[in-house]
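Shared between the two complexes below is chain A, which has chain B as its partner in the first and chain C in the second.
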Partner chain A sequence: MSSEFRYVGQPVKRFDVDKVYGGALFASDIELPGMLWIKLVSAPYSHARIKRIDCSEALKIPGVVAVFTGEDFPYKVGIYAADRDVLARGKVLYYGHPIAAVVAESLDIAEKAAETIDAEFEPLPAVLSIEEALSPRAPVIHERLGEYRRASFINPVPGTNIANRVKLRKGDAQKAMEDVDVVVEETYRSDPQSHAYMETWAGAATIRSDGTVEVWSSHQSPFAVRNLLAMSLGLPVSKIVVHHLYTGGGFGGKAGLLLEHIPVLISMKLGGRPVFLQLNREENFYYMAQKPGFLFKMKTGATKDGKLVFHIGEYYLDAGAYADYTVNVIRSSTFMATGPYEIPHIHVDGYAVYTNKVPTTAFRGFGILELTASFEQQMDILAEKLGIDPIEFRLKNALKPGVSITPTQEVLAEDAGDPAGVIRRAAELIGYHIPPQRSEEPWKVRGKGIAAAWKGPVQPPNAASSAIVKLNEDGSVDVLVGTGEFGQGTIIALAQIVAEELGIPVEKVRISPYRSTDLVPYTWQTVGSRGLYSDGQALIRALQDLKDQIKEVAARAFNVFKDEVEIRDGKACVVGKHSECIPLERLALGYTFPSGETIHGPIIGRGSHVPSGTTYLDPETGKGNPKPFVTFVAGGVEVEVDLVTMQVRVLKAVLVTDARIINPGLAEGQAYGGILMGIGLALKEAIGFDEIGALRNPSFLEYRLPRVEDMPVEMIFESLNVPQRNAPYGAKGIGELTALPWQAAIANAIYRAIGVRVKEYPITPERLLKAVKEQRPDILTELRKIMVGV
Partner chain B sequence: MSLILRTTLPDFDYLLPSSLDELLALKAKYGERAAVIAGGTVLLNLIRLGFRYDYVIDIKGVRELSAIEYREGKGLVIGAAVTLRDLENNEVVRDKYRVLWDAVRQIGDFHLRNRATIGGNICNPTLQADTIAPLAVLGASIEISSMRGSRRVAIWELVKEGGGLLLDPDEILTRIYIPEPPKGSRGAYFKVWWIAGIAALAANIDNPRERIVRIAYSFAPSPKLVEGVERIFRQEKPLKVLIGDAINYIKTIVTPPSDARASREYREHLVEFGTAYLLRKLLGVEV
Partner chain C sequence: MRISLTVNGVKRVVDVKPNERLLDVLRYRLGIKSVRAGCLVGDCGICTVIVDGKLVKSCLVLAAEANGSNIVTVEGLSTNMRPSPVQRAFVESFGYQCGYCTPAFVLTAHWITENMVNASDEEIARVLNSVVCRCTGYKQIVDSVKLALKWRREGGER
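The block that comes next holds the complex of A and B.
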């Protein structure tokens, strides 16, 4: 960004480095006087009726305070559909479903007692895939689906396993099928995957003597936890305080309410005693929700000249036993339907489908990962069939701000960004049209690929934020915002905005990473790449309010009109007069005249924000404006396929976004993290299930995360810096965006390297070998000739 | 029946003998009720997740089991409690026992290798144990000791056909003996995660009549030295041709398993092309 700013646009260093030396406080660090430990006991069946749970032995063990089972807590929790029992009631819905909670004086005792709990089950037929779940003969997992409390825009189909059904209709796709020259029909899939954040979930709760429920937990959005606790347990918001500490990563997996209701309800049962639940890694895989697996069917048509005409989709997410955010994630995939391209005729049906597997939830990208992983392969396949260069094909169909009609039938906003620009630049940076250098080892083959995406926050039209700014007596500033800090660095970017607006050094701005819902102003949630955009706007309003008060006080001190006062370099000055300035510290608590008379008192600014112009969507067609902004990205990769191991290595990755950037250092950090995460999702990570639905790999020993050696040798991150209207310094979110292009870009690059297309993620060596054998057996024959000699 | 995923360890008595006699006496006394712990990188997780022992006997207190001794012409003696990191840092291992060194440095990461021991690796064939195949091509034998005395068996005999160790309940793996490797020998290890490991050793490459080529596969649960490969390489044909012959032979002998980590088909691919890659690298054959 231009150098007209001193802080905004600069790579200001993170000041929250207490994480590095171990000083940062996480929920796992919470220790309350007299605290008891909770241990969950779960079921080794995917789908079964609970016949009996015998806790008598456990209760005899010294140090055990209580054991609870499902019937003790007759509540349903869930954000958009209250489909989750606190502990299983009546039946268990997945392998690892918690059925009991032991409470004891130490974790050790709780675990020993847990092992004595004897439960008996009557197994039921289990549903372990999307296809099985949709079969008319499938057992119905949620028999009372129709009775669940749910948001107005969620449409479950009672009597089936469909947790939500979403429709998008634009133009007439059926009819348009007649007007095309080329049609591509494909199916894309992925295994469920894991957020694999570093900090496993932990939460503590106690009830104060005045009845206030106090919660400390590992989450993204403190106000969402408060709201959902209130809604699910029937408590007044006024009786809940949620404390947000550092959170060790979330990636969507800690959005909303996690397991907070368990310690809260247990504490309520035990007269308010503090209780604590901390998951180990295996438990985190079973008890926390994961990223759903998907099955996206697509049929897309274009004319000879390369114009996209229609797209028909059936998008399915494997929601697992509880759908949590997944019912809304499928809306996101469906409404963004076709990526950053304009297609006149679109017909997409989206489904979130219950299965007897681990629960699922939001994941960085919120449905757009799945969409991009699928649709961007579809684009390459179409381009090839048309005989058109994939970049040219994309550019030809890219959305045009101010002109194009989006899948939800709105004109794309004039200031939406630069869809074509990011594609063009990414192609340039990866050298898409320059053949890759050959490897010296003939069994290693290289190729380049590209993918593009668009994404905006998926939020209700009234998703609000607010901010408070306090001027301190030394001219420093304390900022109160509600957004959660879990690694993104939003608080640093917000501090830069404050420093810029007041002309004070950024070191004089304090935004604590710790907050409590009773002490900071409201923000809806920290999700969807909206933190900086939404809280940033509230903050700018708060700063205007603050500055307005400063000017008012200074005007009286100078005896001039308010509009004759300006704020620069941490001082309030009379416009045009360098000598007449009062430093902010002398105004912070009000201004004291030489006589001692004091005016105004402490200066505090406040500001609110709610997006304008977003609407609910038509349930039959999806028509409406779901997003306050969208960001466009494109990613290019060069990969090397090792035909000996069938492992794929990303040699180079380039990422281009159109967003304005407040802090290039933080943005680059997001980009590198997003690239590595994308590589993991593309090539390595899969949650595996055995025949009975137990997890095969609930640990980092066998859940294969990308490692440092998987990092591309070269990474480039660039921003086109297109300003967004009504945004803090024109900035919009990029957090999720940086992870979106990689699955498809890598798949496309593999195809361009060896002519083999893998439509199932992750593209493991195993899957790649199978695809090579099916699609290009000649490659192995040739390899055999040069390496084995026969 | 229920599922409990523990964080804490269940109770057991921890014993730390300081001499070999004491160690063997304890193992004799407690037999299967006792587990031997070396680095603990496997054992503690197994115990946390469900294995139960009344006693855990630490072998790290026995000094002599942490020694590496090399005598020119005689070979190398490695104590069972020697850490992988110590092996990696040992110059003799690096220079003379290259195939072992190459395998060791590919195990886990630094943190792990600082704790994990070679004895623990060998005695843990449920995962792929990456040191067994290299030891096999080096012709290593292991010393198994108990109060009843010591016996020495070839490394590839340790794992019984179909899994399970040769050790009796009172026995402990105490030392690994590796003879002086053939003069001028080279070695390399090829590995794909816990899916396959291939160890190869070669010497006298230019002289067919004295040429030595050995290959072993470390598939869990039963690693294998492929006998007969050596014979193939003694023929007077171009190396390139011999590699092809060897691989075709190996493909008839090695039947890799199928498990949760990989299919048999994928492992077969690695047997064919991984071996080709490794042999070409080792024998200096250009593609």
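The block that comes next holds the complex of A and C.
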């Protein structure tokens, strides 16, 4: 692909260099003249009635401007179900739940005043696990669940803690149970985990004198923030402007509306004064939604020749006190149902369940992380029971584009990609069938494992995007798009497409990373690995429009027909005549004839895109087409288990995708980032709760993120470059995909190393030791002999 | 109290409170926004700056303690708007994504090129281990450091 194009497929350098040279602006850098600081006050109970909140002492402190409590803001927010109070009202629903907001002249004063807030609570029995939440005797956390505004496809069960219930039915799984030779029934779990983006949330708001609400905040999707503010607070869209600066990481955790409504509502109460809220790290663990914990039960059957026949699942996500995107995340897990394999009979029930824990939301992978972590262990267990090689077993059942029927009962598109190809290549690259080298230390044992996954954007059928391209009088181009920049570098890939289409140097394409909703065209959200695909499609249409106008003007200048004009190397030329060319700069503002007569005026291209053919899903069966495209990946790892410390180190990781790549430098960055995040989720990261529901580890000292020392010795990323139809240069998204395979691949590798299977993430030394004691106590006996020998 | 700091070669005199962190003084009183808070307790290394030739987490130092010291932030690596080789190496090797931790890594890399020009992979890793990044998976950051070291050893860029 590289030779065909000048820019597409090339590792064009990022142009957001102010991040490296200095000068980059994040929401946390915002300082507005006369800005007041907000400090939230949190409750020390996980479930309690609020009896009294006394703010009088705080109000006496000089510099304190106001204190607000839940009753001041009678609004409900939430993207798919409006379940969230601005500040707790009536009840607190989790330990750390904000009950008041202090506003002061400085953060110092606000912090001091916050300590004086005196509140009284009546504790209620709390629900701290999925199992407790589902018990018929469980206290109901959201008593008015049935009354919440919600999207049509969200089905809460009022009177229970079920925030959403989802069904997938394909074939007849109950009946098919009779037709199999081997059945595997297992349960997989994970603790809640954290996005742990480096920029804690920050947001500022002010109200202009004409009533316009202006917001600067750390978010992924400026238009989603605008839309949800409008919907939740009853404001007209025309009166909201959301400013997007650089955002310091998101990973799904900054996908929709975050806490923007708090500064907005406070500014409204204070006559439009600018106010600012920035969370510290501990607050960010409590006030920002995290990745839900999960409990996935699965029963999967196959015939002895290795064909998957049925799959029955009960998938539960621990939604915490507020479910935000999690009600849709469970739809994603349920509707993908299994890994990238064809199974004729599937029956899955998915539930997002409220508990008295920190709120949860989307996380890179959107439900497919949980699914892959579970189902890809299930595949290895089945393969072993069948006596079939795990790779062969996967290849035998891999989805076939144009042939296979997906879990939502659609034929998998012919251009869907190469599910078998990625598995085969990942197995080759990790040397799956070559025994690992023995470690020099006899208490360290190595093993190799693999996992595969598939995913597409989870979005409504009308998830649109648009783009505007302006030709400047020096032949350069300004591009306006709505997608957010929080590290992925989509705007660099988009610039490459512009340079390619117009034959101009990529340095002549300008796409500002900063944007405001009143100045750039709409895009639905920057989520689901959809940015390059969706905004890219809109951009290609805008470029077609632009080129069409250039040709029209040039044709009149040359006095030829429009189709006799071509655009190459930044010039409009008569086809086949090298001498008759006009540089684009001379057409940017229209064309001026020698007489002075000028035609057309400035050239501006515009394009819109909405995916064709995606539909809502049948509520009873899930039938329908939910995704404009899917991407396939497979990952292989070699791990080393230290039987003395029970620590697992990933020595090598290989990732293969089928996606076409616009910029290999950016794609590799996603891949390595996904691998390290996957290692963290697999082995290290867990949000811990104590017996009353307080977080045990709201810091980076105790919530342990992967560091340089956790980097595998070798990481390989490869793409099979399968073109996607109706996509910009055949490209599709990989951002989330790169994080998917690692939990299961590592668990499978541990099993192949020491014969111990851990079905609960993260696989910490404690959990691994417990599993070794239960499953292979002989290893410890053997180890004792070795150690004494040493 | 009044302290004086040399920041990126310029002498700054500033009034600070006795309990004020160096991080907050650089960021809010002197307006150097590249010095960013990640955790405020020394776990993440994002607020790293160079103080008198040493890598320092500016959230763990009181501004008063830094009185009289010479401080370098990422803005101080460029001369006359021309980025330093270390900065160019980060662009060349895709050594950043969201950019929030980037100044800390660039300054750490700068310190390595100044003090450990022949550093081994293990030595580089040991120093870089003090800063957390959630986006990159570190590979391209390590590549950036190695490229900067290579340029340094070969006496100039490429």
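Here, the second predicted complex is superposed on the first by the 787 of 790 C-alpha atoms of A that agree within 3 Å, B and C clash if a C-alpha of one lies under 4 Å from a C-alpha of the other, contacts with A are read in each partner's own complex, and residues count from 1 in each chain.
One rule holds in what follows: contacts are C-beta pairs under 8 Å (C-beta built on N, C-alpha and C of every residue); 3 or more make two chains touch, one makes a residue touch a chain.
Predicted model, so just to flag it, every value in this text is computed and none were measured.
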Contacts of A:I99 with chain B and chain C, given as first, second, both or neither: first
Which superposed partner A:N280 touches (first chain B, second chain C, both, neither): both
Chain B versus chain C as contact partner of A:P765, first or second or both or neither: first
First (chain B), second (chain C), both or neither touched by A:Y246: second
Partner chain(s) touched by A:E120 [first = chain B, second = chain C, both, neither]: first
First, second, both or neither for A:Y322, with chain B first and chain C second: neither
Touching both chain C and chain B, counted on chain A across the two superposed complexes: 280
Residues of chain B defined as touching chain A within the complex: 1-8, 10, 49, 192-193, 240-241, 243-244, 247-248, 260-263, 265-266, 269-270, 272-274, 276-277, 280, 287
Complex interface listing, chain A residues touching chain B: 39, 41-44, 95-96, 99-100, 107-108, 111-112, 114-115, 117-121, 278, 280, 282-283, 286, 441-443, 643-647, 688, 690, 696-698, 702, 704, 765-766, 769-770, 783-784, 786-790
Chain A contact footprint on chain C (complex, rising order): 33-34, 36-41, 43-44, 46, 73-75, 77-78, 83, 87, 90-92, 94-103, 106, 125, 128-129, 132-142
Residues of chain A touching chain C in the complex: 11, 13-14, 16-17, 19-26, 28-29, 195-200, 246-251, 280-281, 486-489, 665-666, 668-669, 671-677, 699-701, 705-709, 711, 715
